[in-house]
Amino acid sequence: MIRFNCDYAEGAHENILNRMMETNMEQLPGYGGDVYCAQARKLIQDKCGCEDACVQFLCGGTQSNLTVIAAALRPHQGVISADTGHINVHETGAIEATGHRVISLPSPDGKLTADQISETFEAHAADVNHEHVVQPKMVYISNPTEIGTIYTKKELEEISSVCREYGYYLFMDGARLGYGLTAEGNDLDLPAITGYCDAFSIGGTKCGALFGEAVVITNPAIREDFRYIMKQRGGMLAKGWLLGLQFLTLFENDLYFELAAHANKMAGRLKEAFWQHGCRFLIESNTNQQFPILQNNELERLKTKYSYSFWEKINDTHSAVRFCTSWATKEEDIDALVKDVVAL
Amino acid sequence: MIRFNCDYAEGAHENILNRMMETNMEQLPGYGGDVYCAQARKLIQDKCGCEDACVQFLCGGTQSNLTVIAAALRPHQGVISADTGHINVHETGAIEATGHRVISLPSPDGKLTADQISETFEAHAADVNHEHVVQPKMVYISNPTEIGTIYTKKELEEISSVCREYGYYLFMDGARLGYGLTAEGNDLDLPAITGYCDAFSIGGTKCGALFGEAVVITNPAIREDFRYIMKQRGGMLAKGWLLGLQFLTLFENDLYFELAAHANKMAGRLKEAFWQHGCRFLIESNTNQQFPILQNNELERLKTKYSYSFWEKINDTHSAVRFCTSWATKEEDIDALVKDVVAL
Amino acid sequence: MIRFNCDYAEGAHENILNRMMETNMEQLPGYGGDVYCAQARKLIQDKCGCEDACVQFLCGGTQSNLTVIAAALRPHQGVISADTGHINVHETGAIEATGHRVISLPSPDGKLTADQISETFEAHAADVNHEHVVQPKMVYISNPTEIGTIYTKKELEEISSVCREYGYYLFMDGARLGYGLTAEGNDLDLPAITGYCDAFSIGGTKCGALFGEAVVITNPAIREDFRYIMKQRGGMLAKGWLLGLQFLTLFENDLYFELAAHANKMAGRLKEAFWQHGCRFLIESNTNQQFPILQNNELERLKTKYSYSFWEKINDTHSAVRFCTSWATKEEDIDALVKDVVAL
Amino acid sequence: MIRFNCDYAEGAHENILNRMMETNMEQLPGYGGDVYCAQARKLIQDKCGCEDACVQFLCGGTQSNLTVIAAALRPHQGVISADTGHINVHETGAIEATGHRVISLPSPDGKLTADQISETFEAHAADVNHEHVVQPKMVYISNPTEIGTIYTKKELEEISSVCREYGYYLFMDGARLGYGLTAEGNDLDLPAITGYCDAFSIGGTKCGALFGEAVVITNPAIREDFRYIMKQRGGMLAKGWLLGLQFLTLFENDLYFELAAHANKMAGRLKEAFWQHGCRFLIESNTNQQFPILQNNELERLKTKYSYSFWEKINDTHSAVRFCTSWATKEEDIDALVKDVVAL
């Protein structure tokens, strides 16, 4: 069985494990107060072009999302998200467990638009009963989105602009950020994201690390005492250097982007193969997640050799599924799958 | 200015104030441990045909909803509601502030159907990632709904039946229950509701009391230690007898139903007048809330003498508005409005 | 049975009920947007000497405390309280239910000192692991305290001064404020309290009203969007004018202080009687709560005619109990009790 | 600088890293659904003598504690802890952030007694106002405690017995469990703990793993849907096999106990050295944490070569400090420190 069902099926890039081996018996201070976290923090600040950004390392994505949101909002405030947003669908109500509503807006492509945010603001402001309604205060976007699409610089600029006009915080969940920043058609980079967002995450778990997310916060209101809230929510790793080491390894020599570009290239080959086969796609994606629509009997055949994720039923004979590549995807596995798609 | 904008614009039926006067200097134990609460509790149990129902008195509707839901759910569980449900739109995220998601389902008429609940259950059960998704555990319905519609016995029976099949709690918000139980076309009564629901509220605030909701709980899992949670959420009134006295007054001689029937009759006259005028309605209602669609210039004219609630824009020239009657609506005020509608 | 067990055993001063009667059929806007709330708000602002204080009316004390604290604190922050503080002992964990720790400090007399607050600040600041510890951010005091003692102006000034030095909010729970401000030895008044505190409450429930607390907030960080949080926590009464009317009545002609002074005078007579009888007291109090230490057999005899609250066991033969007077205490009931104490 | 300030200053036992290396490119299902977690789970169930215990793997201690407690308690319930308990002092209010009070009891030796628990139960049961007070429902103990002491079998049996009598859950935080189970004087083992507790954790982070805690739950009320709550609180690691692999390695051939025994032996040598030097100790400990009381000038001298944790000031000239050993402590480092202590 070859797994294409997700992008976290293998461990980590070998450089990371080697570095853990090398440093294993060094005695280091805990909770991220070590030299490797300091170096990784500095490197990320440099890449972001923002020397005083607060950079913290957490173990996972749900943890990062709930911690940032808990740090940012007062009790009556909510966070706007596309209905496909990870916080809205796959975190078991983690945001609500911190006391806040996820205000979900419909989105066929997984993205929010500046207009949607403006309409939400206007509707709240115009409501004579606004005190009886959750107050929107933060905008959560994922880049790439949960369905593989990416924001353009212009789209992000417009969103950032309306957020600043309304006093909304803009938070980008970058669990798959590397795949977005190396995708065909992408015109964003870390400095641009740093400039447009109040906080964002750089995902390690799905992009070459064993585990870990770097959270970058520029807005002073969110970064103040952020580490208290990390600790409170169980997100402060005792041996914090394990996270620092990983991000240091990923961002030295731009390994992070190299790994992501590989995954996108592999995904591009799959996309081409499905396309040649005559498939439609649930959504056009240039990143490591591809959502072809296949006949159910074709899927049955592929299932004997490959795992994929069921996404949604299209009709009685067709389904949309997800094939994921990752930093670890082997060329030969893609060769095999492409061949089998051709043979369908 | 004659107010038709809501059903809580006046104080209370005079019997209630008189009784408060009479008992004012009696020395009574606090927190609902008094003789009037005991009598009101007994009377409501009798009317519900359920001697061992737990009956508690709280000050308001949001308080009742959040306390019942907090008492019922574990952290990962959510409550299903129509998208128009009060907990979903007008409680400033009170449910999320207790840590729980409101799982909203689309509803053109303010009601949920047994089929919608079944589909929600089935979708959750079939999801291989169900642990990553909020677990539905309670169904919240309002009767009458926020837009004046009511459940039939058959509908409630079906909902109750699927809830029991899936282990879901069924909670009915009866903030306007009197208006529902005395509406044309209603075939529900208190014993039926008691039998079908795990918990429900009997609204006083909008139905003749100064303030107060009686919460009736039959399911042992929700009633256990309910009073601790009432206290914790600020819902245990020190002079609890003020609530007991009001419900005692309302349920002796069925004053509660008499007052509600009056409001429905007054609303019926409005409905007829708008109908004769040629109005369409946003929704067909037989209760005290009516939602006619009027021309904006007609609304401007009515606004000089009457207050109403703006509900939603229909098009550039028409809007849907809400006219409410209540236990306190005066026949002469209806006469005046009917005359002015005819004259439009 | 004559009740001295608490100060909320009767309804309200007759002026309040009369005013409710008179205004009962007036049509008024909801949620505190009415003319009576506006007048009461203005009157309290005048009495406090602070025209732009935010004055909101809530139903009860626990509700007021939890709403103010939820409005003030970020997730990792806690509220310092005397171990006897109401939020620490008698609110079923209402503060924890909003996510915050009550940091309790030992207090033999129910009061906190500026030194205790300084020590708490210093200990936190000096702790190298302070990110692993709840951050103190608010000081909660009760005046009078739960055991009847009061703060002097000097004490309050010192507490206020250290709070401002450390950036702590100072919140005074004034559930029995009237009894404090009219006590022998008191040198505080509303303008002083307004100047020293960031927020405080003026209790109605125990001081002549049917129910209700006025919350006065001067700190902009707490008052911002306070009404959203009131609504979210179930503390926004639909017929808000019922609260406005009561506080208007209590503060016109200083009825509030007149009623409190009466209670204190009655308590003074009890204190004198117990003193003459040779009792020691658990604590010296000049307010409406008295804590004599009596022989258990004496208590048995008093119990046949009077109710009181058991407070704590002193030894095998003696107990400390609480006798409360209130605005409603009758001179003749005090006469009877004094006579019976003399006869012990 | 040689670090004795904590027991998490190095990475992991080499077997663990080697195994991560070996399995790095295996494709595995996520979230703990892999073969290594299954094997580790089975092995731990075997060691505990309980085939149907629920065994889950989380990243850290605070996360484990808050997840178990959130899973167990209803909103009005609190958890009893020694005042030195980790949840009471070093988790930044993590438990309060889930809505629950930590009910702390004084403890000079870091342990709770069955009598203290009984008294807490009795006091709550006897309180006529018990509905106004947080309801105790769980007992949290640490073994070893935060100050190195351990429970005997008899003590744990008594605690378990009163917990079952009162319907309290018993939860043991075993962040350093290995060090306790291999300490001189210990008579507990995993099957006994499994039998006495409703839930407990087996700490990996401080006992040879890179990171990770195994939570063992026997009580059906806590284990039901536990994984939903893990996910909600950010405690479900995407690459869950990283935890499974570590615990599998630690429990095969009892490496876990071997590593812990080594640390205790090293600590014993330190204890002996301080003892010979004439030191008193803050507390008698047979585990890897030692709390000698030293002169401040002696501490200054040691500080040039060794790190330790300041614990508390004893008087103007003496302080209690903590020296920790761990699975990774080198014999030669102990030799050096012992020599320097002798030379003081």
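Going in written order, the chains are labelled A, B, C and D, and every chain counts its residues from 1.
The definition used in the following text is that a contact is a pair of C-beta atoms (placed from the backbone, for glycine too) under 8 Å apart; a residue touches a chain by one contact, two chains touch by 3 or more.
The model shown is predicted, which means the values in this text are computed figures rather than measured ones.
Identification of common neighbours of subunit A and subunit B yields C, D. Ranking C-D and A-D by contacting C-beta pairs places A-D first. Inter-chain centre distance (subunit A to subunit D, centres taken as mean C-alpha positions): 34 Å.
Spacing of subunit A relative to subunit C, judged by their CA centroids, is 50 angstrom. Separating the centre of subunit C from that of subunit D, both taken as means of CA atoms, is a distance of 42 Å. Each of the following residues of subunit D touches two or more other chains: 75-76, 91-93, 97, 99, 131-132, 135, 228-229, 231-232, 236.
Contacts from subunit B toward subunit D in the complex involve residues 31, 70-71, 74-76, 98-99, 131-132, 135, 225, 227-229, 231-232, 236.
On the side of subunit A, the complex with subunit B involves touching residues 75-76, 78, 89-93, 96-97, 99-102, 128-129, 131-135, 310. Per the touch definition, subunit A reaches subunit D in the complex via residues 1-3, 6, 8-12, 14, 17, 20-21, 23-30, 59-63, 66-67, 91-94, 97, 205-206, 210-211, 228-229, 231-239, 242, 328.
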